[in-house]
Every structure is written in C-alpha cells, then in structure tokens.
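I'd like to ask some things about the structure below.
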C-alpha cells in the first residue's frame, strides 16, 4: 500500500455502508404494513409462475452449459491474472517478456479455438461433438 | 578354445533350435514328428564330446583346477563370467549328461504336445545345472542357481500330473526362499571383502581369503546352508520334494532327483565347507544331526508310501541325509563318501524314476496296491527295476554301498551313536526297497494283466550303461574318488595361485 | 475531517443519485419515445422517485414461506454492498476519492464485481422458485463470462498506464484520452459493462417475457428496492469507470476536476439510457456467443496490439 | 511495515489449513470436500505470500498465482467429474457411496 | 529479465509445442489417428532432445530448471514409457468411432509434459506445476474409460480427492520451507537465523508425506489399486510408471542421495517395511490383474526406497537399473494385457480369465511370463539384476531389517507372480476355442521390443549401469 490511510478510509467506508444497509433492512421491517400470513391469501405463499400452479421442486437440473461457463470463467479469469502481472511492466521486461506473454496469449487462444470447435461455447440442443467426418453440419431435426 | 563356456551355452543353443523345430509350421516343413527330440539328442552328444575333450585335456591332474575361463560381465560391480572346473564339477557334469541322455532315450520321445518347448526347457535346465557346477563367480553362481528353476517350474507345471501346479509353485517358492537367503549371504561376504580389501569382487577365490569374525562367518555360512539345505533337501525344509517329484513328468523327476538335488550337495561342499571351514566345523554337529534325522525320517515315511514315485522321493530324502552327514563329518573320507553317494544316488534314483515313469505310462497309475506281478509281463523292465531298487538299498558291490559305507565309517570316527542311528536308516531302506520290489514286480496281480510292451533293446542299453557305472562305482570306487575330489579354493602352491589369479 | 466525511457521505450520495436516476431515465425514455414521463409529483415530476421510495418503504416486508430466509434477506444487501464498495477507489475528486490512490484499485473493482455475482445467484437460489433460479443462473453465467472480457479489455489500459491505480491511470491520460488508443478495449469494456449490470439490451436474466422478473421475482418491498437501486448505482459505477479509464477522469480545462468528472459521467449515464431506448434485446445464446466468440478474441487482440506497439515505441529511439 | 508478522500469518494459515483438513476428513459430501481442498490450497497460497513478504521476495507471489490457477483447474475438473457422476445416475454426492471399485 | 530466465530444457518446449499443435489440429478437424501420430512424433522428438536446452544455463541455484545426467535419464524413461503407452492405447482409440477420443492423446501428452517438468525442476514452482499437471490430466484420463464410464468417474473422483489432499499437504510443507529459507530452491529447508529448527522438520515431514502419497507408499497407498482398476489399462500403466518415475526422480533430487535428516531415518525404515510387506500382502489377496499390478507397484517402490536409503558406491547404478527394470517390465505386462484384453473381460482382467493363454496365444503368454519373472527378480529378466543390486546396497549399509522385509516380500511376490503364470498354463476349460483376434502390429512390436530390453538387459546389465544420480 502506498499509504495506509487509503486502507483505513476503505474500512470506514465499508463500515458506513454496512450501517446504511442495516438501517434500510431494519427500517423496512419496522415500517412495512403488517398482515397475518393467512390474510394474504394462498397466492402469496406460492412461488410466482405467471399464474400457473407450480409443480415439482424448484431446483431443476440445469443444462450443463452453465457449469461449463463457470469452469471457463474460472480458468480464463485466472489466466488473466498472469497477464495482469505482465501488464504493468511491459517495457521493463523487454522482448523476452513480450515473447513470453505472446506465447501465453497464443496458448490461451488455441484452447479457445478448440473449445469453439468442440461446441463448448454453443448454447442450445446441438451435438456437442462433431461427427468424425468432420463436416460439422448439424443434422436436421 | 576353452571348452567351459561351450559346455554351458551348447544346451541352450541346442534347446533353442529344438524349440524352433518344434513349432508346428516348422515341424510340418521338416516332416519329422520328433525333430525336437533328435536335435536334443544331437546336442547332448555334442556336449558329451566337448566334455570328453575337457576331461582328456588334463588327464594327469597336474593342477587341482583343470580349466579356467574368465570374461568381464559387469565390471563396475566386480562381476565377471568366471568358470572353473575341478574334479567334483567334472564328475557331476558327467552324471548330468548321462542321466540326461538316459532321459532322452527312455522318457521324452513320446512327448508330443509342444515337444519343442519341452526339449528346450529340459536342455535349459541342464544348462543351468552345468552352469551352477562350473561357476566360480558368486553372482554367476546365483544367476544359474535361479535360472535353472524357471524351466523346471514350467516343466512341472505344464507337463506334470494331476496336482502339478501346486507342486510346481511349492517347489519354486521353497527353492527361491532359500536362494534369497543365499543372496544375502553372498552379498554380505562380498561386502565384508570390500571392507577389508577395498575391492568389489564376486570372485570365489578372492572371497575365500576374506578375513571373517566367527559370528559373521557363521551367519554367512547359514545363509548358504539355507539355500543348499532346501535343495538337498534337509529335513525340515524338504516338504516340496515329495510333491514335486511325484507330480513332475518322468524326465523332470529324473532331472530333479538325479541332478538338481546334487546342486545342493555340490554347493555345500564348494561353499559351506570350503569357504567357511571353521564355521562349518562348528556347525557340523547340528548338520550331522539334521542328516541323521533326514535319513531316519525319509526312510520311515518311505516305508509307508503306496505311491511309487512318492516312495522313491522319500527314499531320496533319506539318501541325501547320508550326503549331508558325509559332508559335515569333517574328514576326507566322509567327503569322498558323500561324493560317491551323490553320484550313485543320482544314477540309481534317476534310473528308478525312469522305470517308475515307464510303469506309470503303461499302467496309468502309481499306486503300488494296483500294480503287481510285472515280472511276468515285462521281464526286462522288471529286472532293471529290481536292480536299481537293490542298488539304492545299498547292496554291497554297488555304488550306493560304497558311498554309504564310507560315510558311516567317517561318522563313526566322529560320533559312534550317530553312526549307529544312521545305519538304522540303512535297515529301513532295505525294508522299503524290498517292499517296492515285492509289491510291484513279484506279488501277484489282482486283476487281469493286459499284454504290455516291455523295454525295447535300445532303452535297455541305456539302462545297462547306468548299471555298469553303478557296478564299477561299487566295486572299484578309488579312481572315481581321486578323480572327483573337490579342489580347495586356497592355493596349495605358489604356482597354483598363478594359474588362477586373473 | 475530509477522511471521515467523504466515506460517510459517498454512499448516501450514490444512493440519492441512483434514486434520482430512476426518474431521469423515465423522463429521458419519455422524451426519446415521444411521450411524457412521470411529471406530476413536484416540478417536472422530480419527486416521483422519492414517492416511489416511500411507497416501497411502507410495503409489507414479506419473506415467502418457501424461501431460505437468511440468504433471501442477505442477497440484496450483498448486491448493494459490492456496488457501493466499488466507489471507494473511483477518483471522483481532485484528491482521488476515498482511496483512489490504492495501487490495486482496478483489481479491487474487478473483485467487487465478481462478488456481485453472489447477490444474484443467492437471490435466485434462496427464492426457491423456477423463474428466480433460472434468472439467477442466467445472470451468473452472463456476469462471470463478461467479467473475463472486462478484465482482459482493461489490461490494455493497465499496460498503457503501467499501473492499477485509478489515479495513476487518470494521470497517464494527460496527453490523450485512452479512448483513442484503446478504442477496441473501450468497445469491449462498454459492452461488458452493460452485461455486468444486466441492463437493457443485455437484461436477459430479468427478461420479463420469459422469466417474470428473473432472480428478484419473489422480492418485494424495500428488498426489491435494494436490487433496483443497486442496478442504477451499477450504471453510475460503470459510467464513472468508463470516465476514469477512457475519458480522462477529472481532466479538463478551466473547471475543477470534480465537475469535469461529473459531467462526463452524466454523459455516459445518458448514453446507457439511450441504449435502452434504442436497442432490442438479443437471444441468450447470442449474448453468450457474442462474449466468448467475439469479445474475448477481440480483447486478446487488443492486448497483443497494445503490447506490440508499446514495445516498438520503447525500442525505437 | 507489514500489517501482519510472519508468525501471525503462520498461525493464521495453519489454522486455515487445519480447517480445510478437518473438512476434508469429516465431510462426506463431494462438493464440500472439494471446497475443503480449496481451503487447504489457499491456506498454502497465503503462506507463500506471507513468506514472500517476510523475505521481500517476489517469487512467493509467483507461487501464489500458480497455486491459484491450479486450484481453479482442480476445482473445475472436480466439478466436471461430479457432474459426470451425477449425470450417470448417482443421486447423492456422498463420497462413501462409491463402491464399484473393490478388490 | 535476463537470458538465463529463459533457460528451458528442450523436451518441455517440444512437448508444449506438440500439445498446442494437437489442440490446433483438433480445432481444425478432429482425427484420432492424427492426434496419436502427433503425440508419438512429439514424444520421439522430445526424447531426442533431452539434453538440449534454450537460453543460458543459470549459475548457482537460481534457475527454475536443471539439466544433468539424472534428468536426462529419468526424462528419457518418462518419455519412452509415455510413447509406449500411447502405442498401447492406439487400438482402443481407433476402434471406437462413436465416442470422441481425440482428447486422450492430448491429455496423455499433457501428463507427460507435467512429468517431464517435474523431472527437470530445480525449484518448487515447476515441481508443483508439473505435479498438478500430471494429476489433473490423469483425472481426465482415468475417467476416459469407455467401457465402464461409471467406474472411471468414480476412480477419477477418488484420485482427485486424494491427490488433491496430498498436493495440499505437500504445498503447505513447501510454503513452510519457503517461509524458513526465503528461497524456492528445491532442497530440504535449512532454517535461516532466528527461525525455529523444529519448523524445518515439520516442513520436511509434510513434503515427505505429500510425496509418499503420490508414490503410494504404504500408509498412504489406498488409492492406487482403486484408481488403477477404474482407469483404462494404458492409463493404469501411466499411473504405475510415468507418474511414479517422475515423483521418484524428484524425490531423489530433493533429498539428495542419503542427505535425509537423520531424525527421519526411523520413520523411513518403518515406512519401507510397511510398504514392502503391505504391498505384497495386498497383492496376495487380489483377484484382478490390474489391482495386483497396482499392489505390486507399491511393493516395488518399497524396494526402490531401500536402495535410496542405502547410500554407497553401488547406489546410483542400482537405482538406475531398478528404475529401468521396473519401467520396462511393468510396461511389458500392461502391453500384453492390452493386447489380450479384447478376449478377456474388459479391463477388470480377473486373473482366472487368463487361464490357457499359453495355448491360445503362446507368444504373448511367454512375454508376459518373462515380464512377471523380471518383476519377481528371477533371471533372465533384468529385474533379477535390479533386485540383486538393491540387496547389495542394503547389505553394504547393513540394513538388516529392510533386507528381511526384502526377502519376505520377494517370496510373497514370487507367489503371486508365479500364480499368474500358473493360471496361464492351465489348459483352457473349453478346448481350443481359438478366438479370432485382430492383428495388432503396434502392440506386437511393442511387446517384442520390451521383451528384448528385459532379456538383453538381464543378460548384459553392465550397459545400463551408469551412476546417473544428481550430486
């Protein structure tokens, strides 16, 4: 840290925000109208589904695509961390560092191309892997 | 040209050729159904010739060590291919060759299933045994010691009888266990030598001069003893033997009883007694005790067997007890007796197994209670059987008697009670041998006896040779005794030292 | 005094501005769509936002019985918290704001934005409702995806300025604003910023024609208000960031830095609202494809180009 | 002047590590085990940073980045495998229910 | 940033380039055969360049990497084994067109890269990196079990949890070592002034435990049989050979040869005895050949550790020979298993199913027997000489207890190895059902080459003995 006062300001700031948020939550609890649960009618205690009565658990099995995105995020974001370390010292580390960074970016780009072709970046019901003949055409539904 | 490496390599090479000849495609091309057998036979004949040359080159026993061969192998660890031959090894190699030839004549020609592999394994075992008899580099000795187990294991496990695989496994595990202890002893000896001299070597002659404290030498000696005791076999570790002998195919039984057991005796003489004379002397009472125990125990169990092969196997244990007794009787006479006993036992028991194998092949049983009266049906076979049975009970005039008598005599000088007990074993051996003769050959057969082929003349000739050797060994053992005397690793003269220092 | 008052006043100011922004947006939308916005409460309807706030305050503080109570209450607070905390490092005064000199300022903002995902996911999960869960997941996937591109696009600025401190970055724009040399990064950052705040046209997590109201479907009262305000505070934050990183922050002739900063930020906010008025909403898969297949390569390209130019300039005397 | 001395950070990281280890040994839910694993790895990462600060050596931070990256990858792969297991019809995430691999 | 910072042994460079090439190729158009070919060529090129490097060699102990005889030797072993494993998987992958298999050679190459990085590491950074790369690519590979996907996943999960745990322990140990010394140099920590020496002990023990986990030494061995059973056969070979060699190589580099803190000797003694006896006892009880190989590999690590613990003039050569023997024999067993697996049960390879192999496929059975005998330490296999050497080092340092364990373990080992041979010799239950098997030239060649190495190495071991150890 350049100066410790920055840190302390941030702490004070965070404390202030904390107090503020606590106030907001507390205030709404105090000022809100009170009503017995039963008085709200049955629709108040069912999840909203555009007027349809919900069936089954709300915890659906989500498409694996979401998990894939999470993994890509984790991986690519962490890789960015490596680039950030280079970012502040681009000219200091010279051409060797530049070469290393470019190689690193290439090593990021090639897997990206691979993921793209493997279909990992596509959403929706498509075959995830291309057929061996490699034409990549999606069979007609 | 030095004959020693040829002695070891020839069987392996011949076996390889036999294997190739046995391949189905190759056999079809050769149009000879027993090509492997013929090749094996030729190999053995060649081997005999080489051995003959080796024997005749040094007729006068000018030096105790008759031939020497040395070639570096793993120089960084002081390991070399060192082969030396003295009278003892020469005699035992002769024994091996004779038995092997007899085997080929009597037992293996009929092996049709994978005959090539069978002969290869047979010859490989032989090579291992010969290597063991010749090696004077301790690593090389151990190498051959282990090497001969593998083909024997396969022989038993594939071509053996009903319970073959368990027997093969037992055989291998026991021998290997002893072998590992020996390995540790070898290494210990080498390390002691390294510490004393700063030279890393596995040379037998160099190691013999290692100064050792009594405890250490006792420990090392015991390691060697463990391996050889398993092979010999000495009583508590004999359990593999009856099974292995019984389950093995005839040829393997012959090799096992006739030759492999002798490596144990050879090792005891060459290593236990020669390398650690003091420790061996201190250990002698116990070893002799074990020997007597073996004699009595083997003979006693042998008396109560109904299985022919098992009976002979237990008989072997009893006979090898005499060898142990002789080796540790600390007298030249006992040693000579042990050697003669080894030779004679190899011949007689090997031949007995051949006969038993032939009987089994014809009768399809080994149960003595179901065999009988063969004398009438197969006189030639029966006469041979009776001869060898009598030989093994120690009939005077035959080799076994000479050996056992010498051993007993030497033992008497050391300890009369032991000698008395050992001679009780002789009585027992007469019982079981005569029981064998009686029930198989003489007693009337219960059921009807189908006419069966007797031994043809050629096979009788082979057996006849063995008989002749036994008779000569029994009547005039002196040349054999001088001929086969083991040589000491310690140089008796300065000249001797020059001869081997290399 | 400054050190104490600024931290206390800033959140209040941001909250107030965000509240007012709801009115501004509605008025501007009315203007561009050729209709009136709210114009009854106060002069020009300026108190509409206050009235809305008061209404929300007096609504029932309802936690649905099927929801996970603690998380349900905590989620909007987290959302507010992360947005407000990010303001700590924005140098909106000549002094550099609360902690504008913090040497990892940019990383701090990225971290806070990353934490912002928790608010959405937890809200969606705690609501125990299908719309909410789907909306939460969508929002999370969108936000974390675009955070990657945001980070990479920022890298160009960091390289050019040689520092993560926002104050240094502003100082480095003395000669030329980064919007010129970093135009590629600027575009990517703008798009990522919209997606991060899930504003229209990238408001798919709350797209009312498929998901009700997305992750805050089950929220009402002031807790809904907190999400609502947090979104507008997010707009201000992104605008302020764009100003700082690409538009020279408080740099400008004659007027004091704070004024320049405010002016530029306001311009960006208007631009955000204009986008809402002008653009249709894409499909979700188009949104993700845009990010991973176009923005990521573009931002990597930007990094490479920036590096190459910097190296060439450094080595040629 | 560092905010924390090495001893304090050692204490802190050891505690963090122990928490992770305990979680690893006690929890039977695969996801929680993964989380505990990450706690352990991050405890080590913090230790590297603290030690780097103590010796004024940047390599501790390099190691930190490496650990971060690899922990991320490990978690990703772990989640992927859990997903596979889940998709193959193993409903629970209990680590003790795996019984296909027994001698 | 100076030139010596770019010091990089060539195999690493070649392998990374190969991996990227493969990925790019896959992005362009998927093809298993091309992937496998690229992998093989990459590995061969890397094999040819083990002694080359880019940049200038750093002076002192500053560099990330190191290159000497020991790295050249172990890197060659690693690359050779991994090329063999690639060949073993060739048929399985090209057989099955329905599932994507292109990632398999990629992961395999990645694992090799990790192992090579470990071998070359002179600092905690590349060591940890390599360790994790091996671990992570192995998780993918283990789950690559087409026939038993569920098993594969379960094994991968098990591997993930346990390898993660061990990595964390190892890492914390490294962190402590770094805190003590302020350097990431790959060596046991020597505490600087004012640092408690007990901490150095803690750090060393944690690193030791982590490495033991990865080496699957007995108290930490339970994962290995399960993982190997669940994995596809070639991957099981990879676990047993490549990753173990890499770890052992770094283990030797880390602790030097014999410079282990004396206080740890007792612990190591116990661990070795437990490993040998435990591994062999476990192996006795196995009915699946893969699991048996896993247990026996546990025991072999124990033997290796005996040699490691007995420094002396013989030690370097002995470790070298033992590694070669273990590698080649194990690879040979797995190659035969791969060649015969279609006619056997997939992957489980219950030992009883090997009955009669001598009659159906005599060549494979003979090769297999030779390999097993070599593992058991019986001539003419190279394993005989290796075990002899281990015993020699033990005797030279009078490690009586360890030698006792060695003998006991060897006899047990002999039993189960011979048992397999015995089963193979059993006449087949259904007479002469000669199942038609495909010609597999690559597997046959591989088996022939490995057999030649085993036999020739056993007969002329002098050629292999070179003291490769570092320091």
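Going by the order they are written in, the chains are A, B, C, D and E; count residues from 1 in each one.
Keep this in mind: a residue touches a chain if its C-beta (ideal position, glycine included) is under 8 Å from a C-beta of that chain, and two chains touch if they have at least 3 such contacts.
For reference, the UniProt names are A = NADH-quinone oxidoreductase subunit A; B = NADH-quinone oxidoreductase subunit M; C = NADH-quinone oxidoreductase subunit H; D = NADH-quinone oxidoreductase subunit K; E = NADH-quinone oxidoreductase subunit N.
On a predicted model such as this, the values are computed, not experimentally measured, just so you know.
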item: Centrality ranking, top chain (CA atoms only); value: E
item: Chain of greatest Cα-centre distance to chain A; value: B
item: Longest centre-to-centre distance from chain C, chain (CA-based); value: B
item: Busiest interface, counted in C-beta pairs; value: A-C
item: Chain centre separation in whole Å, for chain C relative to chain B (CA means); value: 94
item: Interchain centroid distance [CA atoms averaged], chain C/chain D, Å; value: 32
item: For chain A paired with chain D, centre-to-centre distance based on mean C-alpha positions, whole Å; value: 21
item: Distance between the centres, which are taken as Cα means, of chain D and chain B, whole angstrom; value: 65
item: Multi-partner residues of chain A (each touching 2 or more other chains); value: 70, 94, 116
item: Where chain C touches two or more other chains at once, by residue number; value: none
item: Per-residue overlap in chain E, given as positions that touch at least 2 other chains; value: none
item: Chain-to-chain touches, reported pairwise for every pair that qualifies; value: A-C, A-D, A-E, B-E, D-E
item: Touching residues on chain C, where the partner in the complex is chain A; value: 3-4, 6-8, 10-12, 15, 56-62, 64-66, 73, 77, 80-81, 84-85, 88, 98-99, 101-103, 107, 127-134, 137, 140-141, 144-145, 147-148, 151-152, 155, 158-159, 162-165, 212, 217-218, 221-223, 225-226, 284-285, 288-289, 292-293, 296-297, 300, 303-304, 307-308, 310-311, 314-315
item: Complex interface listing, chain E residues touching chain D; value: 124-125, 128-129, 132, 135-136, 139-140, 143, 148-151, 153-158, 160-161, 164-165, 167-169, 171-172, 174-176, 178-179, 182-184, 225-227, 229-230, 285-288, 291
item: Complex contacts: residues of chain A adjacent to chain D; value: 64, 67, 70-71, 74-75, 78-79, 81-82, 85
item: Complex contact set, residues of chain E against chain B; value: 313-314, 317, 358, 373, 378-380, 384-385, 388-389, 391-392, 394-396, 403, 406-407, 410-411, 414-415, 418-419, 421-422, 425-426, 460-462, 465
item: Parts of chain A lying in touch with chain C, wherever the complex brings them together; value: 1-3, 5-10, 12-14, 16-18, 20-21, 24-25, 27-29, 31-35, 37, 40, 44-50, 54, 58-60, 62, 65-66, 69-70, 72-73, 76-77, 80, 83-84, 87-91, 94-95, 98, 101-102, 105, 108-109, 112, 116, 121-124
